[in-house]
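Below you'll find the structure, written out as structure tokens, and then a few comments.
Going in written order, the chains are labelled A, B and C, and every chain counts its residues from 1.
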């Protein structure tokens, strides 16, 4: 049986993304194909489906077939329920965890200026978009939240570096904005290797100040 | 957007077979394609997938994609669960049924001194090592469990009498058998030599019997 | 300065006491009736301040702090019936603004270092930080996502696939060890009666019962197999007697000297 056919069938059947290792494991031990051959089959399949309404896509936790975005107006009619709309509070909390992870609830509240409801945290944990990756060694040992592969899969991303870059638009406060905001680091350790989100091309808040430019001074806000 | 593409995507996404009417309903009212066109699209798709590992099939309740049967050996591995080890409770229950059959659940519980979970009984029945051979004519008519031919086959026994006789165990218990576990005599013919589960370093409650001494009946340190 | 970040304001935000509430307030003063609406519209005091900065060109460095603070304090009574927790955060913001104002009024030494002590700097930093994530959340909401823009496959049927169930491997030795353990426990607790019957009898008991499942009435003679010889006959007889004793079966004879049958007893004796 052709490796490509087996890979194709498995990806169609699995209800979740499959890794190269998952695909190798379709064969009995001792007969498993090389990873490089599985990758070649995946590349070939991607090519073969290029003109079809479904595409082979690599997301954070592996490869999956998915319907092309352009078909969503029709396909969404298959489902009675409207897709969930997330509240601003939910999305802001998620965004802070995604860009600033690992982060405590207190730190999220500090940034948002309001309390984060327990319900939001619970929803994020239940959806498995967010997990507790450790505890901060401060009194109370608050949990440190980070995003998961499922989060990336849901948003069709391979890694955190595919998130839109952080940017800011406050400009008229320039004269007082004398401390350079550090560009948040998005630690890659919880996911596939990723890089930092790109720093916005021109960070308009920061006035070109000859005294601080080039010093690389980054004030850690917490 | 091409009707065929929409039909294809919908069939891949839907969790059940779709009828021609279902497929027409993907379009807003007034824009729905004719049934004959949907059928033509389905025919075309069937053709296009003819050489792929999945096929478009018409079943009683509509159309659906399904995996070709020939791929079953590989695809089935996606669904296999990794076997876990059986618990001690499971093995004890099995042993009691083997030696004391036909036996009711209540009797097993009496011998073990603890309740027997329904899950264990279910697993034994599912594995077809145990069957219900009748019911005890007492209130509740409890099922009488006995081992099966499959049980004997699995352990490579011709009959139950090839199991070590009960007497062996009783003798090994000895009068003061309340500290260490005796090593049961397990004639090598019943099984491949394998690692034994850990046992106490110093076990021999069994008085050194000159007739068996030196015949391999030595406590092996693991 | 760009307008691309303008907040979307619906024609009527809410009805307050029957009057459409169409305009966001022009300053930090919030009409008491609209307070609840406000608390729900904005994600907090930082969000509100950002809005005012954008919308009203409000110079946060020159807010009429005294008036605002007075208005906020007036809310305290009203807020007890509302979401006190959230309202408290707005009050805190008012306090921060008041503090900034008061510090701004103090004379400041005219040297460069003092710039870092600008009381507004911290607030501005927080506003910038918040805005980054507010914007990021909006961007994230626009990302194509499952269930809305992209759909995972759910429809490929697998009924043709037969799943082989994988069972754990067991050593006979483990079963025997388990049995020893059972016996040891039984010995230790009560003087449990351990019957020393040959296993072949127990096995035969099982098989007799199994046969009765298929055929409810068995002739006594059917239970003996000539080929098993004497030994076999004895095992069968012992099995039948044991089954009878334990009331698993009953032996019946329809007429004197007639053929013996065994069957499952009709009903459970009380």
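By our rule, contacts are C-beta pairs under 8 Å (C-beta built on N, C-alpha and C of every residue); 3 or more make two chains touch, one makes a residue touch a chain.
Note that this is a predicted model, so its numbers are computed, not measured.
Peer 1: Quick check on the contact graph: shortest path length from subunit A to subunit C, in steps?
Peer 2: 1
Peer 1: Can you tell me which chain lies farthest from subunit B, using the average of the Cα atoms as each chain's centre?
Peer 2: A
Peer 1: Quick check: how many Å separate the C-alpha centres of subunit A and subunit C?
Peer 2: 22
Peer 1: Based only on mean CA positions, could you tell me how far subunit B sits from subunit C in angstrom?
Peer 2: 28
Peer 1: Cα centroid separation between subunit A and subunit B, in whole Å?
Peer 2: That pair's centroid distance is 38 Å.
Peer 1: Residues of subunit C that touch two or more other chains: which are they?
Peer 2: 151-154, 156, 158, 161
Peer 1: Could you tell me which residues belong to subunit B and also touch two or more other chains?
Peer 2: If we look for residues of subunit B contacting two or more partner chains, we find 9, 12-14, 54, 65, 67-68, 71, 75.
Peer 1: Under the touch definition given earlier, write down the residues of subunit C that touch subunit A in their complex.
Peer 2: Per the stated touch rule, the residues are 1-2, 4-5, 43-47, 50, 53, 60-61, 85-86, 89, 93, 115-116, 118, 120-121, 124-141, 143-154, 156, 158, 161.
Peer 1: Flag every residue of subunit B that touches subunit C in the complex, lowest number first.
Peer 2: Touching subunit C from subunit B are residues 9, 11-17, 54, 57, 64-69, 71-72, 75-76, 79-86, 88, 91-92, 94-96, 98-102, 111-113, 127, 131, 133-141, 144, 146-147, 154-157, 159-161, 163-167, 169-170, 172-173, 177-178, 181-182, 184, 186, 190-191, 194, 196-197.
Peer 1: Would you tell me which residues of subunit C are touching subunit B in their complex?
Peer 2: 151-189, 192, 194-200, 202-203, 205-207, 209-210, 212-213, 246-248, 264-265, 267-270
Peer 1: So in the complex, the part of subunit B that touches subunit A is made up of which residues?
Peer 2: Residues in contact with subunit A: 1-2, 5-6, 8-10, 12-14, 25-27, 52-54, 65, 67-68, 70-71, 74-75, 77-78.
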